[in-house]
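Both of the next two complexes hold subunit A, though its partner changes from subunit B to subunit C.
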Partner chain A sequence: MSRRIFMGIFEREEDILGAARAVRERGWTIVDIHAPYAVHGLDKVAGFAPSRLPWICFALGVLGAGLKMWFEYWTTAVSWPINVSGKPWDSLPAFIPVTFEVMVLLAGVGTVIAFLLSAGLRPGKRAVLPHPRVTDDRFALLIEEADAVFSPVEAAALCAKFHAVATEEYEA
Partner chain B sequence: MMTTSPTYRLEETADIGLAQKWLSLFRVFMLVGAATLVAGALLGGDRFWSGLLLVSVFLVGLGLAGGALIAFEYLSGAGWSVAVRRVPEAMTSFLPWGGLGVLLVLVLHPSLYPWMSHEHHFAGFKAFWLNRPFFLARAVAYLVIWIGFTRLLVRNSRQQDLTGDARCRQRNVAVSAAFTVLFALTVWLASVDWLMSLEPEWFSTIYGVLFFSGLMSSGLATVVLFGLWLRRLGPWRGVINEEHLQDLGKLLLTFCTFWAYIWFSQYMLIWYANIPEETGYYIHRVRGAWGSLTIVNLLLNWAIPFFVLLPRNNKRNSRIIGQVAVVVLVGRLLDLYLMIVPANREASALPDAWVVGLTLGLIGVAGTVFWRAMKQAAVVPVRDPLLGESLHYHQ
Partner chain C sequence: MSTDAQHQNLRPPWILGNKSLSDVSRDICGIFERKPTALWWIAFLVAASMLAVGSAAMIYQMATGIGTWGLNKTVGWAFDITNFVFWIGIGHAGTLISAILFLLRQKWRTSVNRAAEAMTLFAVMCAGLFPLIHMGRPWLFYWIFPYPNNRGPLWVNFRSPLVWDFFAISTYFIISAGFWYMGLLPDLATIRDRATSKLRRWLAGFFSLGWDGSYRTWVRYESLYMLLAGLATPLVVSVHTIVSWDFATSVIPGWHTTIFPPYFVCGAVFSGFAMVLTLMLIARKVVHLEDYFTHRHVGAMCKIIILTGSLVGLAYLTEFFIAAYSGNPYEQFVFINRAFGPYSWAYWIMVSCNVITPQLLWFKRIRGNLMIVFLLSLVINVGMWFERFVIIVSSLHRDYLPSSWAMYTPSLIEVLTFIGTFGLFFSAFLLFCRFLPMIAMAEVKGVLREGHHAPAPAPAAPVRAAQEVEA
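Moving on to the complex of A and B:
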């Protein structure tokens, strides 16, 4: 299903911050913001939902630690019990370092993979840029046109107020 | 918002009525501590003196953490923490007080250290290192280095309030570089001297790092609590916000985890090797009542702060981060308690009245000395060129 997008292009970070704030105050929905670098406070102004990645990271960490702990217990105490310098077979302190490493490995690598999946960044993926200069020196604000309160004329006026260098409407 | 007037002082900005209530509480605690000190010096045995060593080392640790945080800030060029810097600066004035307590123990009750008695005969390096005159001279040298360097850092920082001279910052970067190196060496040696030599036959090469990690987590917890206190009293309203709390929370989380990592590193190697001269230290500490305290120690210093501070919103919530800071400080007391008291194998695990009285004294001294030090300068470094960045800080 395609939707109509209204896009404003800005030259300065103050302008994109101001424009994004004004758009939100009108009750319009911001689809996305493109900026050449991380702008402080932009995610707060845009009102995006907080990332779910930390929870994935935590769950993967718990999973990695649990699986590794179980695997070490199973190998040294159940499947093939080995007597190491007279220590008990289920010697927990000896399992901790490897458990820690596997927890960090699974949480770290898994979170990167989860990010790539959720962002759709597979190998060979072509970059979809709303404007060719958003990786260089332009800021792009993408507003959804589906809202009943949305008006392209007002949107153009709003963008002009924040010194937009261009506005455009397109199907995405 | 704050003004940029160079006379942005505590008396002008704080709710004095509310502050007075706190200060009288601190004065009562200080009196309790002083009474415990006098009574203990006259009547107390080993338990009193090990308690005095505990609270004194605790206080010295807070002062050192203050100095380390200032030095790390200058060396890394950190902007976010500049508005907070007056708190670690004030904490460095704990050093003479804690140092005095340590010296009292070393001079008045040396029998806390078994190697000071005549039955102990060491050979080689231990005989050279562990003898009374050299031991006392070292203690004085550590304190002189710590107090000297932190005074220099604080003086340059306060000087900048008056002159606005950018060279104050450059000078402090150089002082911080020298202090960081000396800090690493002296903190390691002092922990070996004052705490590890309570059991002179036992040794651990990671002991100094373990001491450092606890010192940093308790220091950060103290910065959080004093920061929240100053915000409630008024002077820091509009100065620190959730962004600063989140960064302090991140550092606190980091150092609690670092502490657990080092604690376990020491424990696991000794458990694994299972050599008699090393294992005795832990066998005594993981059995019976001491064993329960060891588990509580791991909960207070790592498990609780780690899982509570993990979510972003908990670090930004002043109530939650304040409560975690209290947990970490209680944990630090217990950690030092477990380092010091069981060195005497006959000692019972139950905390005695001496420790309770001395801990109240510790809180009283810390609060009073902190307030006096904060009064001596503006409540933020008003002319530090990075102050603006710190006040408008975003994550």
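Moving on to the complex of A and C:
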């Protein structure tokens, strides 16, 4: 499904912050913003939902710790119990270091994979940039034109107010 | 805006030279877009030769056996474990800078974190070689994995600190590598979009995973970065804690103490910061990063060195006090033997390099003189190597039974192996400087405006529709 997008290009973080805020105040829809670095507070201004990765990280950490603890108990006390210096089969305190490491390993690696999947990043994927310099020094604000309240003239004026260096309309 | 301006007046900028965003991309990418200098080639050839010599020594000792080392029945751990702890400790500064200082919102870290994380990876590689060779039959190293096998299945002993160590070091390496690579993603995209050569564009494009700077990705990315920092922080503390347990859980006098974990962690950060300073002060001059790695960065790192170095000094004193206070004659003997026995020269090198000379860094004039800071960082590297040597060898060589007392001298093979790990470390670091951005561009861009007055807004240029946009 193609949709029309109005794009403003900005040079400074105050401008992209101000423009994004103004767009939201008008009730228009921000399709996306492209930025060379993480601008503090831009996610809130643009109204993007916070990431759910912390939940995945927490769940994988609990899973890793639980599985490893069970595995250490099973190998040491059930599968092949060996008497090491008369220590109890279930030497729980001695199992904690490895349990911790496996928790961190599973949570860390799992969160990276979850990030790549949710962000749709994969090796060799072709990046489609709205402007060739968004990974260098330009900010691109993409506004959806479908809204009934949207007006290209007003949008151009808004972008000009925030020192936009260029604007463009295109089908995406 | 006015409060912003007031805030910005409080502190001088971290990055000098009033850089624009594209200046950052140009300066940092310029380092590897140019042809390598003669100096780089000389450094690389020296490092690669050291690596070659070390590799020959490694092949020889793997083929012949570790009888080629200077170990004896009394001193069963010496040069190899000293080097192992030395390299692991160096790695710790990278994670401290990338994770702990991130959680503490220390923005100066952005100029050093990339290089420090790379240093961590290379240091852990060097460290891992020593236990691997020490196994005696390194081709059976996979026996340390708890995998179902046809020997019973006989499982690894999860009560053993050496097994903990294996899990700690491999987790540390994997998480550090992931953290480093994720941090590189936005910068790889910048490299891809600037690249003029086809090969570089393809490689950077492949490894940047299609990064397009979308803010929806940035939101997730920031979350991921925070989570990895949160995981790496306790991880780095756990790694050197577990390394110290390799010693502390034994019943050797001088090792069997509860102070070991914090003592080792402080020592690791201390030595690691010294190594980061050594590398960055060289890099600063060689590839001209003076605007990015400034006197303020050096000053901040020197302060961490004073803190951790003083904690290490405190640990030395505490060890002595506890030995005297314990009333345990073996414990008391070990410490008197350390300071006044046959290895007292190593002990006093350690004390003077780690406790006495770093005190010079209290003086602002010394912290401002980069040549002296560089020399002090080398002194600390030497001192921290000797710390591990003293802990390991001086505790072992005279233990409970005087009839088994012995001395230890490293063999040529051991020395060459150690030189080889320096070769590996510096070769890897020099290659990293040649092919990847040494400074995290996307992070530096975020702190660029700190402390600068906001430049006057550009005159509200008439909107030029689609002029800048390549359709």
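Remarks
Keep this in mind: the second predicted complex is superposed on the first by the 172 of 172 C-alpha atoms of A that agree within 3 Å, B and C clash if a C-alpha of one lies under 4 Å from a C-alpha of the other, contacts with A are read in each partner's own complex, and residues count from 1 in each chain.
Simple rule for what comes next: a contact is a pair of C-beta atoms (placed from the backbone, for glycine too) under 8 Å apart; a residue touches a chain by one contact, two chains touch by 3 or more.
Note that the coordinates shown come from a computational prediction; the quantities given were computed from them, not determined experimentally.
Following the overlay on subunit A, a clash is recorded for the pair subunit B and subunit C. Legend: residue contacts after superposition of the two complexes on their common chain; A:P97 is shown touching both subunit B and subunit C. Here subunit B and subunit C are compared by how many residues of subunit A each touches, and C touches more. In the superposed model, A:P54 makes contact with both subunit B and subunit C. Contacts of A:G41 after superposition: subunit B is touched, whereas subunit C is not reached.
Judged by the touch definition given at the top, the superposed model places A:V112 against subunit C, while subunit B stays out of reach.
Applying the stated contact rule after C-alpha superposition, one finds that A:W80 touches subunit C and leaves subunit B untouched. Applying the stated touch rule to the two superposed structures, the overlap between the subunit B and subunit C interfaces on subunit A comprises residues 40, 50, 54, 87, 94, 97. Within the complex formed with subunit B, the residues of subunit A that make contact are 40-41, 50, 54, 58, 85, 87, 93-94, 96-97. Of all residues in subunit A, only 7, 9, 11-15, 32-40, 42-43, 46, 48-51, 53-54, 57, 61, 71-72, 75-76, 79-80, 82, 84, 87, 91, 94-95, 97-98, 100-102, 104-105, 107-109, 111-112, 115-116, 118-129, 131-138, 156, 159-161, 163-168, 170 touch subunit C in the complex they form.
Taken in their complex, subunit B has these residues touching subunit A: 264, 267-268, 271-272, 274, 310-312, 394-395. Those residues of subunit C whose C-beta lies close enough to touch subunit A in the complex are 1, 20-22, 25, 146, 152-159, 161, 163-164, 167-168, 171, 174-175, 178-179, 182, 185-186, 189-190, 192-194, 205-224, 227-228, 231-232, 234-235, 238, 242, 245, 442-443, 445-446, 449, 454, 457-458, 460-471.
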